[in-house]
Amino acid sequence: MLIMMSLNSPRDHIDKVKNKIIEHGCTPHEIPGSEKLAIGITGPSSTLTIEDFLTLDSVEEVVRVSKPYKLVSREMKRESTIIDVGGIKIGNTNLAVIAGPCSVESREQIFDIASELKEMGIKLLRAGAYKPRTSPYAFQGLKEKGLEYLAEVKEKLGMKIVTEVKDTETLPLISKVADVIQIGARNMQNFSLLEAVGKVDKPVLLKRGLAATIEDLLMSAEYILSKGNYNVILCERGIRTFETYTRNTLDLNAVPVVKKNSHLPIIVDPSHGIGIWDKVKPMAMAAVAAGADGLIIEVHNHPEKALSDGYQSLTPKHFKSLLDKLVELAPVVDRKLELYYD
Amino acid sequence: MLIMMSLNSPRDHIDKVKNKIIEHGCTPHEIPGSEKLAIGITGPSSTLTIEDFLTLDSVEEVVRVSKPYKLVSREMKRESTIIDVGGIKIGNTNLAVIAGPCSVESREQIFDIASELKEMGIKLLRAGAYKPRTSPYAFQGLKEKGLEYLAEVKEKLGMKIVTEVKDTETLPLISKVADVIQIGARNMQNFSLLEAVGKVDKPVLLKRGLAATIEDLLMSAEYILSKGNYNVILCERGIRTFETYTRNTLDLNAVPVVKKNSHLPIIVDPSHGIGIWDKVKPMAMAAVAAGADGLIIEVHNHPEKALSDGYQSLTPKHFKSLLDKLVELAPVVDRKLELYYD
Amino acid sequence: MLIMMSLNSPRDHIDKVKNKIIEHGCTPHEIPGSEKLAIGITGPSSTLTIEDFLTLDSVEEVVRVSKPYKLVSREMKRESTIIDVGGIKIGNTNLAVIAGPCSVESREQIFDIASELKEMGIKLLRAGAYKPRTSPYAFQGLKEKGLEYLAEVKEKLGMKIVTEVKDTETLPLISKVADVIQIGARNMQNFSLLEAVGKVDKPVLLKRGLAATIEDLLMSAEYILSKGNYNVILCERGIRTFETYTRNTLDLNAVPVVKKNSHLPIIVDPSHGIGIWDKVKPMAMAAVAAGADGLIIEVHNHPEKALSDGYQSLTPKHFKSLLDKLVELAPVVDRKLELYYD
Amino acid sequence: MLIMMSLNSPRDHIDKVKNKIIEHGCTPHEIPGSEKLAIGITGPSSTLTIEDFLTLDSVEEVVRVSKPYKLVSREMKRESTIIDVGGIKIGNTNLAVIAGPCSVESREQIFDIASELKEMGIKLLRAGAYKPRTSPYAFQGLKEKGLEYLAEVKEKLGMKIVTEVKDTETLPLISKVADVIQIGARNMQNFSLLEAVGKVDKPVLLKRGLAATIEDLLMSAEYILSKGNYNVILCERGIRTFETYTRNTLDLNAVPVVKKNSHLPIIVDPSHGIGIWDKVKPMAMAAVAAGADGLIIEVHNHPEKALSDGYQSLTPKHFKSLLDKLVELAPVVDRKLELYYD
């Protein structure tokens, strides 16, 4: 259920609505919009009726939310959510581009790539310090050392850092450095981790699991919002199908479906999605044409030597040629690719 | 194996190569290109060696084809195949748009839609007279009557007709009317039908099966080419996955993969691919951005009354708004959407 | 809708019901059971009401069929259908075992294998004369020659022949030799072929397609029944999933689901299902334990030299050891594996 | 690489081998068998050669392990691993049956079910105190309270407890009560949790993820073994496919594949696997026939009132009828279903 109140409702009217909700053992969520203020309700709302609220002051309308996901649904919030990452917006007409290597491999490597990206006008750097890997014997990231290098890159080059959290133990450390905390596909239904990032005051990039339906993805986002963190960016990164030519099947259908059903922004990771570097460019273009709010792309200055995911990484040169095309494409779908030159 | 000869090889040099192939129980396929003439070999070529050909006149190079598909592979023919449908090109910089209803439902219905499309500059009309349906009790098309109406539309409005063939029995009848013969997803591995259209002198539109890998699709195209019909247009139309929100999972990854591995053109059917009308537009845009050579889109003047597939059909008005966007998008990917006004 | 009449209804009562159905433009299907006579209705039954029938003589009950499939559903016919293949029953307590090579490869080969199987007590021989293959360059079967050998095996050894039909053209020829006509997975939705075998007076073995839901399989069977051939044996043979270790994913879940929703028998093909010979035995055992009415298993006397599917074929020796286990297993699930020694 | 030594190798010979491994920066794993003692090596073994070991005392053979998983592979350990859960064996000829409700719902509920199961001779009780749920608003388990009840059941009824761990935070608490620690499908690639249970001295039940290949499952088990816990029981519980009739597609093919490639035991969860209570029995039978080492089955005394998974739970009466059949089936596959009556 969703209580729609006038935007300039006085605080005591709002509090009355919220108290009524709390009395029934539920949790109120204040969701301000540009035209109305909505109060979302989560919890066992079965004893609440529409009539409980209609007579309260400043209440204009009471709406039942029909989806299993509540706070993330467009029924709850008509306007698209815009997320602010150190001044860079994700979710409005800006086309957000996050780029960088799969992993931090050394101080030199991450500075080299970050510098090249910065020169191209990119401010959002992706790079993993803690790497969840299918094999226990594969490179697991530089861990604390990797975070240190990222902190240094952040400070010296002014990049905003997007980096993955693997578990609740390392979340405090990562939160100190990250501007956006990434949850990987294999942790999309690690509910304890979702709840933990739900209590952190940082935007979260939530990747779709390999066998997750779009509804599953939205339910996982709901976990984060229900704990109080409304800054969630969804990410389509490919699902598992019978096709063997590509590493995964990038499911761009998710983009218009999410845009219709949720107010949260959705970006696309074509690097993992198709998994073959020379096909990343067309899939990145397709993602933007489908309406994605942004892209996250693996770029490595020596893909052939990368400690992970080299096969799907673009060289800076190829990435630059993609950027040039994106600048052309963005206006066709009413967006603008903002590049930041100091 | 592929024998590369100089473009102006004299006929007797060519015949010598072809005879050598025939002697070994194989079939030669002459594939002219703009720089070289290639002679493809199909059949049990195990007894042939590269040396058998290198000493023959006008032979410049002999190449092993590493893929299980031969005639459709880019190894066999470097240049993209351009298919001519009554003067309209598919496979070059032209962005081909095929539109129309799922089925011919009545003389009036097909004339109404075709006229509206013609006014928008569309010349390629899709509409089924014979409809393969999952249920024996569902509308199976107007059959001969439907073909008659299509023949009339073709004559009176000058449209080019794309229509589906269900079986070899009706192929002769359909071949008389169709400018492009469509093979549906469920018949993609109906090998007898593939062989039959391989002997017809009409372009074939081959749709990817619901569980077909990209390699399967190319192997099915190979069936058609191996019988002598080189005018095959591939079509991505969605595969089956665990996702339930969308009717199918339109797999745009197939576009760059096919473009790399085959010289045949590939178009995309976003209507079946995602299966929900209001998401057809973003997926159509995405398909073009991914590099598709064209689109095939379901348009119906009364989707709510359509006898089949109404839920995924665009109204002419929505289709027009898509066309306007495609005109803008095409140049970004080095194409042009040609509209034909009399 | 289903009209339940008493078993000994006089002919004129039955005809009255059937005429009423025909008047409304529908088709009546007489389905005799051991307790009642059911009249199924297919076609556009929307104008028919339950009341139309309740007042007619001998009518005991009128039931709405809720499933999209009608004639194949258990709602239509409570009792399991038993199919008679030259005296061998499929669908009752008998556990039917069909065995043989993928293809007829030579007169000698098929006689050798058939003789070995006959000695083990097997009477149902599988072997393909016309082989649908993914590649146009793969062995396509011995065709007419293969059928001739099968006819000879049938006559000399008294085996019952299960062989595949690829297209309507060769159906008359195959019908002369086959005791059971097989429709392969890739033709499961070749609706013209389904209709054609629906008019033949031979049992049909219908294999599930690689991306076919169980409902799709039942709808395809419905095509055959709706044309008058009620002797359809369903066959689970593996679906396509993301798993790459096995050739397909044998979906034994289909067995109890089909048994609940349809009166038709269902057998299992573990050879194609898992696709690796040394895992055929456990999957065959599992199929029987899950309630399958029978098995179809590839057996080849020289798997390593087989022209198709050698990797998934059992040697006669391994097949014999499976048979011994099946004899033990059958009684646990209230069946009996009948072996036929002359 | 795997160093095979004679069973009665003196300690100093063994230590010499282990030291050599440690010198190269790798980790030795002592894996005793009945005929030989194997020393497995994990870590960056690229600098080690077979010759490094062949000359050492008591070394009989050095084998390269070809699979990406090492410690879990049958190459590493020929004999099947037998896991002891309080005297009950899993992995030998015993057919292990774990049963119980999805969740602990109340003291009364868990005592009722546990008592009924105990009377039937079942000693392994499953029940979740911490429940990972797709929705943040669904019942999440009784948590600590639930564990307390389980501890009481364990003490008073002598049941062995199988219960799920959701995160590393609650692992110490759960380890105190659980006899087997379960990792759920959605946590199968929660690598930090895998490492944590790898350091606990309790058997682990590792469920296959919804999109996990069999190789992925083995790699996740490898994480646990590589940290020192060799007591891992694998569990097939259904994967995601396009089929919508069943909740998941129970993939019994995994059973023979795992048995061939790994020495670890594998059990099957038909309740989640097919997800419909009246089809659990045939799938349980099929699992055992396929060679599973055991079953884990949801049993609830009031399925219609269950707080989770009621639709797939058996009543005690139906479970009893399954048990009776399993007793008959077990000897056919050379097993015995041991029931424990005090």
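Here the chain labels run A, B, C and D in written order, and each chain numbers its own residues starting at 1.
FYI, a residue touches a chain if its C-beta (ideal position, glycine included) is under 8 Å from a C-beta of that chain, and two chains touch if they have at least 3 such contacts.
In UniProt terms, the chains line up like this: A, B, C, D = 3-Deoxy-D-arabino-heptulosonate 7-phosphate synthase.
Bear in mind that the values here come from a model prediction, so they are computed numbers and not experimental data.
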Pair of chains joined by more contacts [C-beta pairs], A-B or B-D: A-B
Centroid-based (C-alpha) most distant chain relative to subunit D: B
Euclidean distance of C-alpha centroids - subunit A vs subunit B, Å: 38
Subunit B and subunit D, separation of their C-alpha mean positions in angstrom: 50
Touching two or more other chains - residues of subunit B: 211, 239-242, 244
Overall pattern in which the protein chains touch one another (line/ring/star/complete/other): complete
Residues on subunit D engaged by subunit B in the complex (per definition of touch): 240-242, 244
Residue ranges of subunit C touching subunit D (in the complex, touch as defined): 211, 213-215, 239, 241-246, 249-253, 255-257, 260, 273-274, 278-279, 282-283, 285-291, 325, 328-329, 332-333
Subunit B contact footprint on subunit C (complex, rising order): 42-44, 68-70, 132-137, 166-169, 186-187, 189-193, 195, 209-211, 216, 219, 222-223, 226, 239-240
